[in-house]
Amino acid sequence: MKKVDLSFQSCKAEYNESNVVLFSVPMDTTTSYRPGTRFAGNAIRVESIGIEWYSPYKDMNLRDYKTVDIGDLELPMGLVEDSLEIVNDTVKQILKDNKKPMMIGGEHLVTLPVVQALVQKYPDLHIIHLDAHTDLRDEFLGRKLSHATVLRRCHDILGDGRIYQFGIRSGDKHEFDLAKSGHVFMRKFDLEGLDKIVEKLKDKPVYITIDLDVLDPSVFPGTGTPEPGGITFKELLSAMKTFEGLNNVVGADLVELAPMLDTSNVSTIVAAKALREMILLLHK
Amino acid sequence: MKKVDLSFQSCKAEYNESNVVLFSVPMDTTTSYRPGTRFAGNAIRVESIGIEWYSPYKDMNLRDYKTVDIGDLELPMGLVEDSLEIVNDTVKQILKDNKKPMMIGGEHLVTLPVVQALVQKYPDLHIIHLDAHTDLRDEFLGRKLSHATVLRRCHDILGDGRIYQFGIRSGDKHEFDLAKSGHVFMRKFDLEGLDKIVEKLKDKPVYITIDLDVLDPSVFPGTGTPEPGGITFKELLSAMKTFEGLNNVVGADLVELAPMLDTSNVSTIVAAKALREMILLLHK
Amino acid sequence: MKKVDLSFQSCKAEYNESNVVLFSVPMDTTTSYRPGTRFAGNAIRVESIGIEWYSPYKDMNLRDYKTVDIGDLELPMGLVEDSLEIVNDTVKQILKDNKKPMMIGGEHLVTLPVVQALVQKYPDLHIIHLDAHTDLRDEFLGRKLSHATVLRRCHDILGDGRIYQFGIRSGDKHEFDLAKSGHVFMRKFDLEGLDKIVEKLKDKPVYITIDLDVLDPSVFPGTGTPEPGGITFKELLSAMKTFEGLNNVVGADLVELAPMLDTSNVSTIVAAKALREMILLLHK
Amino acid sequence: MKKVDLSFQSCKAEYNESNVVLFSVPMDTTTSYRPGTRFAGNAIRVESIGIEWYSPYKDMNLRDYKTVDIGDLELPMGLVEDSLEIVNDTVKQILKDNKKPMMIGGEHLVTLPVVQALVQKYPDLHIIHLDAHTDLRDEFLGRKLSHATVLRRCHDILGDGRIYQFGIRSGDKHEFDLAKSGHVFMRKFDLEGLDKIVEKLKDKPVYITIDLDVLDPSVFPGTGTPEPGGITFKELLSAMKTFEGLNNVVGADLVELAPMLDTSNVSTIVAAKALREMILLLHK
Amino acid sequence: MKKVDLSFQSCKAEYNESNVVLFSVPMDTTTSYRPGTRFAGNAIRVESIGIEWYSPYKDMNLRDYKTVDIGDLELPMGLVEDSLEIVNDTVKQILKDNKKPMMIGGEHLVTLPVVQALVQKYPDLHIIHLDAHTDLRDEFLGRKLSHATVLRRCHDILGDGRIYQFGIRSGDKHEFDLAKSGHVFMRKFDLEGLDKIVEKLKDKPVYITIDLDVLDPSVFPGTGTPEPGGITFKELLSAMKTFEGLNNVVGADLVELAPMLDTSNVSTIVAAKALREMILLLHK
Amino acid sequence: MKKVDLSFQSCKAEYNESNVVLFSVPMDTTTSYRPGTRFAGNAIRVESIGIEWYSPYKDMNLRDYKTVDIGDLELPMGLVEDSLEIVNDTVKQILKDNKKPMMIGGEHLVTLPVVQALVQKYPDLHIIHLDAHTDLRDEFLGRKLSHATVLRRCHDILGDGRIYQFGIRSGDKHEFDLAKSGHVFMRKFDLEGLDKIVEKLKDKPVYITIDLDVLDPSVFPGTGTPEPGGITFKELLSAMKTFEGLNNVVGADLVELAPMLDTSNVSTIVAAKALREMILLLHK
């Protein structure tokens, strides 16, 4: 008799045979408002039993591709630097084995160690970033490493012209100014122009980071800092369709689901369905 | 002093004087994911106290029409065939008495016995089907009779060219292929083209079956298998306006509300308001 | 050491130095369906810790303006006339001190005493009213003073041509007839034409009353009588942008948040963010 | 075909043949904290489908007795005096027809018009009162008629030595003093000594009023003013057993269930089971 | 890198090396009231991350024993007989391999195939049964196989004097009569006398089946048919201590957790902690 | 007009005139399971509007004593050492001003800086500790400073014989061994013997720290790590009565309420009522 296997929907391959490696990062230490994203990974796994393995949007089937789910990384709870190092080591190993990383957050700060690992392999790395919040602060509540500074830290690494933000509708004035002065590309409030950016980056190595609070809270209430005025799920699906124009997506993440706040359970389903589409994108 | 009467909003006529007969079917035996639609009927009844009897969309008033509410049918819990037979008998009686059936599910399988009864009276019956799911499997988890096969069973009865699906966004690949090869009409993801179909069917006998999960989960979280990427309530209202172009609507149902999952209670209100509009449509 | 200060986000000025006075009215006595709006004020205050003080929509910052939050008014619970008088006295004092009132309801009836106070100072007062419900009944459940009659009472004071309603989708037939016969302006179902009305009223003294149930229940489930088919938050933000065309907004309110019904807490966040935008509008 | 019948579990007799008349009073106008008891009656009706008609505690079966359920009384929402008069008229009619009243609240104030009606028929009326709160204030928030004054109003009618309170653990100091000076009998915190009081009153006409918040909030969270430190459900059942020592129970009520606050639905089940026991007691 | 392992807390052994085999049965087809126990197994697994592996009650540590968790059995949804056969086959294999079965329900009917398998190996099998409900009906809603008949079916197999029930407080009169006439031992309402029964059965092969609704709904709201008036968790722990007097516990189950109804998540934690104690008991 | 004042029930004195200083610590950084205690302070403040200022248990009235509420301390989110220092500084100032500190957590680690401040003034300090968990680990998840080590850190300061634990029912084996070998006094599972300890410590300076998860989860579900098998609220009240035998209570805290997990809101009410009793104890 076999041991219980609660891998994400149909992603039951072994590590060695897989092209995509799914993992989750149970960390929300720097979350400043409502915490709880640490529980996202397993919530999505259990909920994924209820979604189909076939995507009518992409006409692709999870069962036709090899994906391994290695579960929650084991982190020293509350020790931020040590936790980020473990994420970084994990991604380096995945890249070394010529697989693509697909990460479930956790808070948004977990994107940083992935980007640090990717840039070593892909020095010309670009980031497409969907989010309600700029995350461009230089420091937040006395911390350099924070969910609210994570894209600024990525900018420290990548420099100007490499980060493309969409859906942004919350932040401090100086963060918006950073975009105005051209350090990052920022589209406020919606996803307009994404197709042009995709066209522009089509042969570049691109990392896609999706903070699920880019969705309107009506669609995705289960997150720590819901920000009214966001996009619909159809708009997110449309963006994922647009991403198919990229020839070199080198990894991706979905962050900021907080299951404790998801009273109707629908946010977890939204995240699971979005994850199915993203895994299929990485296999394309 | 009179006994308590918890008929749906204003539908307090006696059976004999009524043109429309409202009933609910407390069955969710074949539900494969989250069950609980068995409780929909009474939840809608109690909640309907909070909605208006006047519809500004149709400029019609429930109080001006005769509708009887006969409540939940009494079913042998868990015995699928026996339960369907009771629904079938009930609808046959309603049709014999020259009234129109308006059914609240329950899971979607309850549509089958209604269609079986209707086709005897209206051999040229057509179905308009709003849903997130195709429900076109030939068999599901070892069952021929299932919420996931119900439209396939209807197709067995009606044959090609009689079923028109809208809003579909989930299913197995072979189900979508069934539509591609022309056995049923399927509009994926939205309701575009509904007006043309209504025009085409305007003098046909038409049964309308609405799986409320055609709505986006933001609008209607209280259902067993929410499927992100659905339509808005305004789009559903617009469809109901379009339905007025049909000259021979012979019955209708609203299925798949699961009150246990409706933490904010809003899904039940959505169902109640949709039901008001559907009853008025049947009286038109 | 200083006493606890739970003023709404950044609105921590003293009364004398303030231009805008924020207060809340914990009254829901005439609520006919699900009560609980009495708790809205403090729920918004506590939740406001989680929103930004900077608005990217208006490029304005709450910290740059002087606003005082005087909290819940102390009302004799359940005594309608006495409670309204206290609201009226409060607003008269605010006007006398040359400040603008920004009110959080409570049920919608609390708008009446504000209008009564304002019209003394601004005889040419006009009202822009966003709501799902007409609130134009002459009497409701035996009461002249009710959440369902409040705009009718305002009409008694202001007369024809002064009230402009948008988003209306529920009421009794005779209420809609009142608009048809031209006593009030009514735009059903959405906000179309708001820009024209704003242009028309740009130099008039205008009071803006927003019943938050004008929003679709997917966006704002936490209210006593959710009414499916409403506007999105983006549409509400757009209306607030349009309001900037008014040169003389003399006060405003946001009513009908019922925190007990807000299981996901998102409605309270929606109200808090809308309130930030309205306070900034009053400071413009 | 028969109209829907949602009478409380098995209580489906007609009025004329019944010995006990069940009704509910949807009023919570004077509730000072969290409102919503207006919805208790129908919530209990719908939930009662899930409980047994046989009581192993009393070895009696609801089906063996004739009880009619006349549903929610129709009240003019928010008009306290008018509402109480309707309750009073209803009970007078029930008494005239030689039946016993069994009332579901609503807030506790609804007990007053029942007592007013009963005392006319039974001048020697006594009251046994289970509650967390004394309800002995002379006035509350400017009102003589309030949930917080209802037992004081009963005392006005009945005088000293007629009211026996148990389980009391909240109130103002002067209310506790009223008991200390002997005007009413009060047992604080628990039900000790109930058997002695029952023995003493065994041949008197007794009305039993149970504010369900006498139960600990762990047992009964679904109420407006939960008061930690209450009794268990077993202790309540034991009290109901003790009540069998009374030879002349002339009526009873269960008040203060607030279904909106009953997130787990268990409080409604507690109320339904308690109601089954109370109806059986009245039939004894 | 290793695949995700979501075995119940510390029970991460391989099948071959284990003495106890944990499995869950996602079946609730015959549930007559609120369904959802099909989700119990994985809910307990994920929640078990939050409980300790050391039991201060037994001074034993899960880590010191070999237990395998084989997860949810794969069942043909809604086909009762086929599902029970799969459970039966699984348990037969476990017994053949000289291991002990520890089952998580699902509805209570899943106990039957375990008992059928056990009695083949242990003809002198006895059952200790903790429950709110008798489950002794001969037939329920037209079914011989039902959660409400399961102990009657066990009695068909084992005969008189083999079944010992505790905590019973709900059922039909004829079920209680079955106990009165001596066919089964029944202790109503509480666990008194359990120690004497344990003493009596100490050298017999005993199966322990615990319907978690034996607990009071205040302790365990997350179940389909909560029955007020139950035992506390301390009383359940005390029973588990008493069970240590049994020298031959041959298997056990915990049934009727319904996670969809567990709004506070505490019922799932209660089940997880009870499961830890039961696994340790089987290892004793 | 005065600014909003949301001090805890009746505790509206100014700092200088107060004998007791109430403050809350919004920190849950080291919480290993479900976070969210950072929100406890303001949740209790808002909820306290619904409780009485008079205590029938102590026959004392909050209004008769001077207490100031200084609100949430402002902490650098996620920086543990810095946050603890701020708590320590605050308490030192309170002690210097000859007032008593009453703290609301936050996670349990916040007790440490209070004890550090108190021991400087009261070298002979003793601690009475009510909790489900030992909190005696030397290190937890790589941290010396953790909610799970806090009493061990207190032991480092105070040494043997100074810490008295009650209600303990969860921890690792070596923690229980620490008590067995006499370093701390530990009463497992309940509060028996508390009166003897109080008698023994009656003239000592005593700090009382109450982790509210000492209560059974049925009473107090709203906490991060509910531990079934706890005490009732009546037992906690009884302990508070017993504490009156102490002549020198120098401060106290209530920790581990997590409002996000308190779906029924009852845990917040439990905490508010317990806080009222504790404040009165400090004034005694």
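Lettered A, B, C, D, E and F in written order, each chain numbered from 1.
Criterion: a residue touches a chain if its C-beta (ideal position, glycine included) is under 8 Å from a C-beta of that chain, and two chains touch if they have at least 3 such contacts.
Since the model is a prediction, treat every value here as computed from it, not as a measurement.
J.: Supply the minimal count of touching-chain steps required to go from chain C to chain E.
T.: The fewest touching-chain steps linking chain C to chain E number 2.
J.: Over half shared numbers or under half: where do the identical copies chain E and chain F land at their interface, same or different?
T.: Since fewer than half of the residue numbers are used by both chains, the interface counts as different.
J.: Farthest chain from chain B, going by mean C-alpha coordinates, please.
T.: F
J.: Measuring between Cα centroids, what's the chain most distant from chain D?
T.: A
J.: Per the centroid of Cα atoms for each chain, what is the distance between chain B and chain F, given in Å?
T.: The answer is 55 Å.
J.: At what distance in angstrom does the C-alpha mean of chain B lie from that of chain A?
T.: Distance between chain centres: 38 Å.
J.: Two or more other chains in contact with one residue: find those residues in chain E.
T.: 34, 49, 216, 218, 261, 263-264
J.: Can you name every chain pair that touches?
T.: Listed in label order, the chain pairs in contact are A-B, A-C, A-E, A-F, B-C, B-D, B-E, C-D, C-F, D-E, D-F, E-F.
J.: What part of chain A is in contact with chain B in the complex they form?
T.: 49-52, 54, 56-57, 59, 61, 216, 218-219, 232-234, 237, 263-266, 269-270, 273-274
J.: Where on chain E does chain A make contact in their complex?
T.: Checking each residue of chain E against chain A gives 1-7, 12, 14-15, 21, 42-43, 45-46, 49, 68-72, 90, 93.
J.: Which residues of chain C touch chain D in their complex?
T.: Spelled out, the residues of chain C in touch with chain D are 28-30, 32, 34-36, 38-39, 76-80, 82, 141-143, 146, 260-261, 263.
J.: Help me check something: in the complex, which residues belonging to chain C touch chain B?
T.: Spelled out, the residues of chain C in touch with chain B are 33-34, 168-173, 176, 188-189, 216-218, 221-222, 225-229, 261-264.
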